[in-house]
Amino acid sequence: MGAPASGDGLTHFDGDGNAVMVDVSAKAETARVAVARGSVVMAPATLALIAGRGMKKGDVLSVAQLAGIMGAKRTPELIPLCHPLALSSVGVELSLDPQACAVHIEATCKLVGRTGVEMEALTAVSVAALTVYDMCKAVDKAMRIENIRLIHKSGGKSGIYEAKE
Amino acid sequence: MGAPASGDGLTHFDGDGNAVMVDVSAKAETARVAVARGSVVMAPATLALIAGRGMKKGDVLSVAQLAGIMGAKRTPELIPLCHPLALSSVGVELSLDPQACAVHIEATCKLVGRTGVEMEALTAVSVAALTVYDMCKAVDKAMRIENIRLIHKSGGKSGIYEAKE
Amino acid sequence: MGAPASGDGLTHFDGDGNAVMVDVSAKAETARVAVARGSVVMAPATLALIAGRGMKKGDVLSVAQLAGIMGAKRTPELIPLCHPLALSSVGVELSLDPQACAVHIEATCKLVGRTGVEMEALTAVSVAALTVYDMCKAVDKAMRIENIRLIHKSGGKSGIYEAKE
Amino acid sequence: MGAPASGDGLTHFDGDGNAVMVDVSAKAETARVAVARGSVVMAPATLALIAGRGMKKGDVLSVAQLAGIMGAKRTPELIPLCHPLALSSVGVELSLDPQACAVHIEATCKLVGRTGVEMEALTAVSVAALTVYDMCKAVDKAMRIENIRLIHKSGGKSGIYEAKE
Amino acid sequence: MGAPASGDGLTHFDGDGNAVMVDVSAKAETARVAVARGSVVMAPATLALIAGRGMKKGDVLSVAQLAGIMGAKRTPELIPLCHPLALSSVGVELSLDPQACAVHIEATCKLVGRTGVEMEALTAVSVAALTVYDMCKAVDKAMRIENIRLIHKSGGKSGIYEAKE
Amino acid sequence: MGAPASGDGLTHFDGDGNAVMVDVSAKAETARVAVARGSVVMAPATLALIAGRGMKKGDVLSVAQLAGIMGAKRTPELIPLCHPLALSSVGVELSLDPQACAVHIEATCKLVGRTGVEMEALTAVSVAALTVYDMCKAVDKAMRIENIRLIHKSGGKSGIYEAKE
């Protein structure tokens, strides 16, 4: 690992073009937070079906929520250059938006460590969204997963990031 | 597992509200195909950076492509009620769209088996998209993952599905 | 792998004492079913707490049920000599027994394949039971997981097994 | 993640009924230990078979012991709301009890970290017990996994727990 | 996935240079076998230590053997373009060679399926070898893993392969 | 876990012959580095094929490199008595040696933690080597994985190790 980082800002390659898991040994352990959001857009009838179950046991949103939390823990296995890390908290919330015909998903991840947890939050949202799709695909194959993005990030040297929403 | 399926079309719940991995024992083994697509939308400068690397070793798209293929194989671990299955083929392609300032992703999964592979194709796209985000987030945190959807599905009793694009 | 099986009935060792994943290549693919049961015994107040949540979103039993289903899929990773296999169905049900101060768990697994699915059903029960413990341990550390056993098994050369309950 | 914890003592739900991986960011890193125990009860002839192999290579107990250690490491993948953590030690011991016709299992897990390791110790015992079942099921399907419980826990704010045995 | 295979014999790339998990849908399910071998070369004193334990419980070879079997099952997670598959048998044998100061490892994998199991056999040998290294590294860091190669392969269209040893 | 360590230097067994994940709770967190190397030896024509692709997208070495990095993260799942740990850096480099008809692989792993990362570096090399084999096996089944060994280790109480090359 002799070559210095590529000069173009893409930190996951060294100067020889080798993909690397970036060295964070020298970074301080700080409290880090990341929040991500995304949506599953669907037919009104599909949303009504989900809403109809929300009052009883076995609702779509609970299954997706749990899948999102568990998915966050799998991030370093899925994303090749992500560091394995010991998340100190994961929360995922889903809500129904009849106006937009969408299920909105928000995930918050926390860590006391040497690297950010944006990918964990974005993965939690993605897995929760895929699970909503899976649970409803028998009635609606045209659902779309939309607008997965980072909302907030704090901790670490690069400071606070807030999305302009 | 005495209770019949819930009557509302959501096949992943039985009549008592228990989530279930649907019984496919009685289904025939047929050749199944699914194609999914999605995009990562980004700043023009970010797209230019990816394009600039595309000619040399260590490009973002190759890493994301491989992550997508490997991600498809993890689908039954990520999506709670998905069946474990032995994919017979996975292909993922990424392309740059300077007009739309986007990386477009398409995944194709195949199986000779008792259940469809839509979730595998959608998961491949999602993981490839998350990997693009991860590789570029040092220069652009405002990227968005957009429009992940099923394009085509064939095989099995429900017949052929083609998205209206 | 020249040595014949150990003569004492323990099929997971060959005659040289090597642990083996038993060769099932020559077995026919048949429909196989296994049912397992177990219980988590707890203080009356703990059971009351679980019962109190059962009516609303976010109940202990739904989380444990999903964990059991997902756990069944991990069986070949956990049990060293289990075959990897493509389960065609997993169902897990939990019920409250105020008399016995227990949560009862039953798992049913199905496969069309060359080997039985007893371990998958037993693993589903175990993981669901551990999840009940995890969700309630803040209020009751003295819970016990009890009586995990095989109830029914059919398919394959060894015929039907029914536990004497 | 705005809603405060549910008021009923079940720490894995927030006030809105969302399951959460509890936030431990603010907890101190302390040395934590947990010990769990359980048993596999079987026919006398099955126990004799295990005992007969114990003197040679390829014994049931060694395989189950290793499975238990490896199982402890998979705890955060199996139990939905468990934190991923970097165990600093895992030990599993199995012993034969001809009187009780049982294999007894004890697991000890240690961590220097922000959360307890009870679930890791209980999972180690469960996976070792399931492995004993798997290794012997060809000769005895009526074995039962019994009395998996926490024996000891220390470290962290809640202090020392000792089971009344 | 329109582009035909690359013309140079490397089947894992299509004509556009995209890595692919090769499509095996059209292949017949046949009985496949693969045998691989490899060695861990070490100091005479290290070999003597392993030999000394071989007679009692807790020997290095048993742990490595089990790790090899379990490793074979993880092949599709480790090797990016390997197909997930349902191995019907895995056997791993280790033997001591005082002459060569080596532990020799042989793995045999079987499958009734659409693709070969060479990678599974080679992975089993590799993981067993790494485990031998891990167990002995406290006394000998200069051990070397040597000569991991395919010995035999049968089943499938390409016919029988026998290494010239 | 009462029995003291076995007296023969094999730290992974206690005095009763039980395999253990060694207790590192009392060790200090220090910066640790390990470097490992290995090679895949092949026919000249195979090496030429790899070299021919190295200039375009979709080369064998990039896929193997990524597999090596991802493989390092799976070490604690593969090697039974390895500690789970949060690697702070992984780098893998492959180079072609036409003289020796070999692909040489070098992996460097770093951690700030309580235990060494030799096994992670050796596993990265092994998985990268297996991936080279997988990508080229359609044209050359006689390739051999050779000379996987530890080159350098620093950090921790046992001091610096340098291989005599």
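Points to keep in mind about this one:
Going by the order they are written in, the chains are A, B, C, D, E and F; count residues from 1 in each one.
Note that contacts are C-beta pairs under 8 Å (C-beta built on N, C-alpha and C of every residue); 3 or more make two chains touch, one makes a residue touch a chain.
Bear in mind the structure is a predicted one, so any value in this text is a computation, not a measurement.
Hopping across touching chains, the smallest step count from chain C to chain E is 1. Both chain C and chain F are touched by A, B, D, E. Looking at which positions face the partner, chain A and chain F present mostly different ones, since fewer than half of the interface numbers are shared. After Cα superposition, the angle needed to carry chain B onto chain E is 120 degrees, rounded to a multiple of 5.
If you match contact pairs by residue number, over half of those in C-E turn up again in just one of C-D, B-E or A-C, and that pair is B-E. Of the two chain pairs examined here, A-C and B-C, the one linked by more C-beta pairs in contact is B-C. Taking the mean of C-alpha positions as each chain's centre, the chain lying farthest from the centre of chain D is B.
Taking the CA centroid of chain A as reference, the farthest chain centroid is that of E. With centres taken as mean Cα positions, chain D sits 35 Å from chain B. Computed from the mean C-alpha positions, the centre of chain D lies at a distance of 30 Å from the centre of chain F.
In terms of their C-alpha centroids, the spacing between chain A and chain B amounts to 15 Å.
Multi-chain contact residues, meaning those touching two or more other chains, occur in chain B at positions 16, 18-19, 57-58, 62-63, 66, 70, 74, 77, 80-81, 85-86.
Every pair of chains in contact is given here: A-B, A-C, A-D, A-F, B-C, B-E, B-F, C-D, C-E, D-E, D-F, E-F.
Against chain B, in their complex, chain A makes its touches with residues 6, 8-13, 16-19, 38, 49, 52-53, 56-58, 60, 63, 66-67, 70-71, 74, 77-82, 118-119, 122-123, 126-127, 129-131, 133-139, 141-150, 153, 161, 163-164. Those residues of chain B lying in contact with chain E across their complex are 31, 62, 65-66, 69-70, 73-74, 85-93, 108, 110-112.
Those residues of chain E that touch chain D in the shared complex are 54, 57-59, 61-63, 66, 70. Per the touch definition, chain A reaches chain F in the complex via residues 1, 14, 16, 18-25, 76-77, 80-81, 83-86, 113-114.
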